[in-house]
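Below, chain A partners chain B and then partners chain C, in two separate complexes.
== the complex of A and B ==
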């Protein structure tokens, strides 16, 4: 069953500034759904609309099978975790966790029970009498999570909840949030600008840009088959390398020395993209192109090699530790199946198999 | 800081404090002086007896005045804090069209001197038949721009997410105000309350206008009466009255000093 259905939803503050353009998507029950995009893409606005904190301009929002477009936030049966946690400084952890339960006519004993359960799940038992200012960032984050858990709302909305934590704690909380979501079977809508969070936590993710849905799908599918150039460069770190290629009769000219036999499409030009991990050392075989090394970052388990080809800077990611001098010429190779092609005008994906002939390495 | 520098600074501060406090100290000493002692230029009274205090209470109904002032000041304090809270809450947390314009107009009333609004206020109070009542003395001071401004500054430091979290939880606005906003803003509320009480206690012109009945007058009028009742003012008696009148003020200031400092400078340095 669908927990949330968004139908042709629009949000505009006035005639000129449209925040969200005609959105359609569904979130299934019990799903971890990540909304990811650069800042200003409208992802937080979308979440606030789902929460009922902001009004839609047009469209329908169906939650748990009922039209909830114009319902008050508390009628939507949701819980929400904010970026700054929104903990009440004058209340103890226990009071913060059970905040709002009295409105729903939940007995004192039940409140206490829920509080203990949530605290146990999050390892907060020994902190229940403390005030928020006596807690560390990670503990505050857990209390905010505890409030969402104690409310037992089937849908939980999270607005960049981990962005105030340091890198180490963040990766720990990532797996914790994910485990709790699985165990409780909540439907989770998780807004983030961090594509790593979206990739590692989500069942499905939605990429937004400029108030438009770019792609919805399982993280790996989005990674392996980006729908357009924006998704290709936004998802993945370091980002996908991109270069313009031009047609010469039945050849696709990528760099001066790198050309591929292909079935010509209408356009004069194409974008060609390669993920950093798919660029390999030619090692004796025929190289696809020669890159001039500019800078090398050795990270221990892997090495990032920045090199230039035809004036563009590309990055290759190799496992292990490699060292090259700047200025060194490196013979590099890319398999055809790892090339991503995008239309020059629309920037939409062009299926590689339709254009390139697999055996046609020149 | 060296001990010398420190002791020098403290000495300087003590001297300044003594100079600043001298009039009150002198008034306190005069309140024990008999007859001509003041005119002789004495500083220390010859005898510490309470006769002046007794005659001060007898000459004008000072105790009655003290009670009136206390009631009026308390009413103004409670009323002003309540109304300013509600107004500041609306100006901070409730979105409505023209909110900022309305707020600007609201605080621009701070630029109009109170004396200028006195005549229309008086006419209103008289039309309502509130002369010589506690209502007439206190109600015109319930809605004040300064208090609203002070509390709004404080409320604005509360993150909007807290309000949104209460909305999601289904807690209504009044509960949010009483359970979250007010406890968090305790310092500012205490500041405003003390400030209101003190300025109400020191009011002179308005009580003079709206009260004719002896039974409704406040302390500041009482003092003036004492001074002008007889041709030859008995300064000892007047000062005894003054000391009795400023005592509550001093106690309140002393108790709330820390809070008052914190509250008035909050938002100023940021």
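== the complex of A and C ==
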């Protein structure tokens, strides 16, 4: 069953700029749904519309099978965790966790019970009498989660909840949030600009750019089959390498030495993309191209090699530790099935199999 | 060896801290000088003079000890003056702050054209006491004033406003509230702006009532601002002078002869500078105590973020 259905939703703050353009998507019950996109693309606006904190300009929002477009926030059965946690500085942790429960006529004992359960789940038992200013960033984050848990709302909205934490704590909280969501079976809509969070936490993710939906799907599918050039370069770290290729009769010319036999499509040019982990050392075989090493970052378990190819800077990611001098010429190889092609005009995905002849490496 | 090194460091610290203390003083010198000339010296001089009989120029002539003080505490005039002052504070401070808070809450709403009202509500801040007093002098004029015109339209009997001992103090208080609202409004609006809007959104999602929001979110988080504005308003109110001088000159029948006005009259009309000084010292002590009490009281109730 769908927990949320968004139908041709539009949002504009003023006549000139439309923040969200004609959105359609659904979120299933019990699903961890991540909304990811660069800063300013309208993620928070979308989440706030779902919460009822902003009004839609046009379109319909269906929650739990009922039209909720114009419902008040408290009628939507949601909880929300804000980026800055929105804790009440004058209330104790316990009061913060149980805030607002009295509205739903929940007895004092039940409130206390829920508070204890949430605190136990989050390891906050010993902090219940403290004020937010006496907590660390991570503990505050947990209190904010605690409020969402204690409210027992079936839908939980989170707006970049981990972005104020340091890297180590963030990765710990990623798995904690995910586990709690699974255990409680809540429907989670999770906004983030960090594609790693979306990749690692979500059942499905939606990539936004400039108020437009770019792609919706399971993280691995989005990673392996990006619908367009934006998704290809936004998802993945380091990002997908991209270069322009031109047609010469039935050949796709990528660099001077790298050309592929192909079935020509209409356009003059194509974008060719390769993920960093798919660029390999040619090691004796025929190299696809030669890269000139510019810089090497050895990260311990893996090595990032920045090199130039036809004036573009590309990155290769190899397992293990490798050391090259700047200026060294590296023979490199890419398998055809690892190439991503994108239309030059629309930047939409072109299925590789339709264009390239798999056996025909020249 | 290590201990010796530590001692050496301590010495270096001590040697450094002396010049830095002097350096600090140098930075403070301009304000210390200004404060000394315009604040500390007059204050000490006032306390000094309150123990003396003086001539018309304010030179100390005869040491009388605490005589001024004992005279004051026994005099009915001083008691009337104290009573007028306390009543005046009581009329102006709570009403003024509640009004300003109400306006600030209104102006803090996100509505179209709210900027216009913000300007209107804070406009009295830009007006001098003299100018505002003259406006109110006209308003209170029994024959042509707006005050009586309004009373007439509402079918009530005309009033003497500033001319009757029963209503004069309240009339001055009303005009004072009007004059001070702009400032209190601005400060409170600033305080409201500083409250994180996400807290209100959390409240909306939980569905708490507006009154609950006011009581449990707005007021606690506004409490530092409220304490500040209460303190400033109290001190201001205790020291009211300009509007009294222009509107009533302490009359009728001493009913608006608040303490600062009484000090002024004793010092510059009756040339009884010793007694005026004693009153000033008493007022100072009183305000000091009230303010200290207020901060003590506020310590537990004010939530600093």
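Following the convention adopted for this analysis, the second predicted complex is superposed on the first by the 362 of 362 C-alpha atoms of A that agree within 3 Å, B and C clash if a C-alpha of one lies under 4 Å from a C-alpha of the other, contacts with A are read in each partner's own complex, and residues count from 1 in each chain.
Going forward, contacts are C-beta pairs under 8 Å (C-beta built on N, C-alpha and C of every residue); 3 or more make two chains touch, one makes a residue touch a chain.
Note that the structure is predicted; figures quoted are calculated from it, not measured.
**Student:** Given the alignment on chain A, is it a clash or a fit between chain B and chain C?
**Tutor:** Aligned through their shared chain, the two binders clash on chain A.
**Student:** Which partner does A:172 reach: the first (chain B), the second (chain C), both, or neither?
**Tutor:** Neither partner.
**Student:** Once chain A of both complexes is superposed, is A:133 in touch with chain B (first), chain C (second), both, or neither?
**Tutor:** After superposing on A, A:133 lies in contact with chain C but is clear of chain B.
**Student:** Which holds for A:51: it touches chain B only (first), chain C only (second), both, or neither?
**Tutor:** Both: A:51 reaches chain B and chain C.
**Student:** So, does A:100 touch the first partner chain B, the second partner chain C, both, or neither?
**Tutor:** In the superposed model, A:100 contacts both chain B and chain C.
**Student:** In the superposed arrangement, does A:28 touch chain B (first), chain C (second), both or neither?
**Tutor:** Neither: A:28 stays clear of chain B and chain C.
**Student:** Applying the document's definition of touch, where does A:86 land relative to chain B and chain C: first, second, both, or neither?
**Tutor:** In the superposed model, A:86 contacts both chain B and chain C.
**Student:** Taking the two structures together, which residues of chain A meet both chain B and chain C?
**Tutor:** 51-53, 72-75, 78-80, 82, 84, 86, 88-90, 99-101, 103-104, 147, 151
**Student:** For chain A, which residues are in contact with chain C within the complex?
**Tutor:** 51-53, 72-75, 78-80, 82, 84, 86, 88-90, 99-104, 133, 147, 151
**Student:** Going by the contact rule set out above, which residues of chain C touch chain A in the complex?
**Tutor:** 196, 198-199, 201-209, 216-217, 220-221, 303, 305
**Student:** Considering only the defined contacts, which chain B positions touch chain A in the complex?
**Tutor:** By the definition above, chain B touches chain A via 159, 161-162, 164-172, 175, 180, 183-184.
**Student:** Can you name the residues of chain A that touch chain B in the complex?
**Tutor:** By the definition above, chain A touches chain B via 51-53, 72-75, 78-80, 82-86, 88-90, 99-101, 103-104, 147, 151.
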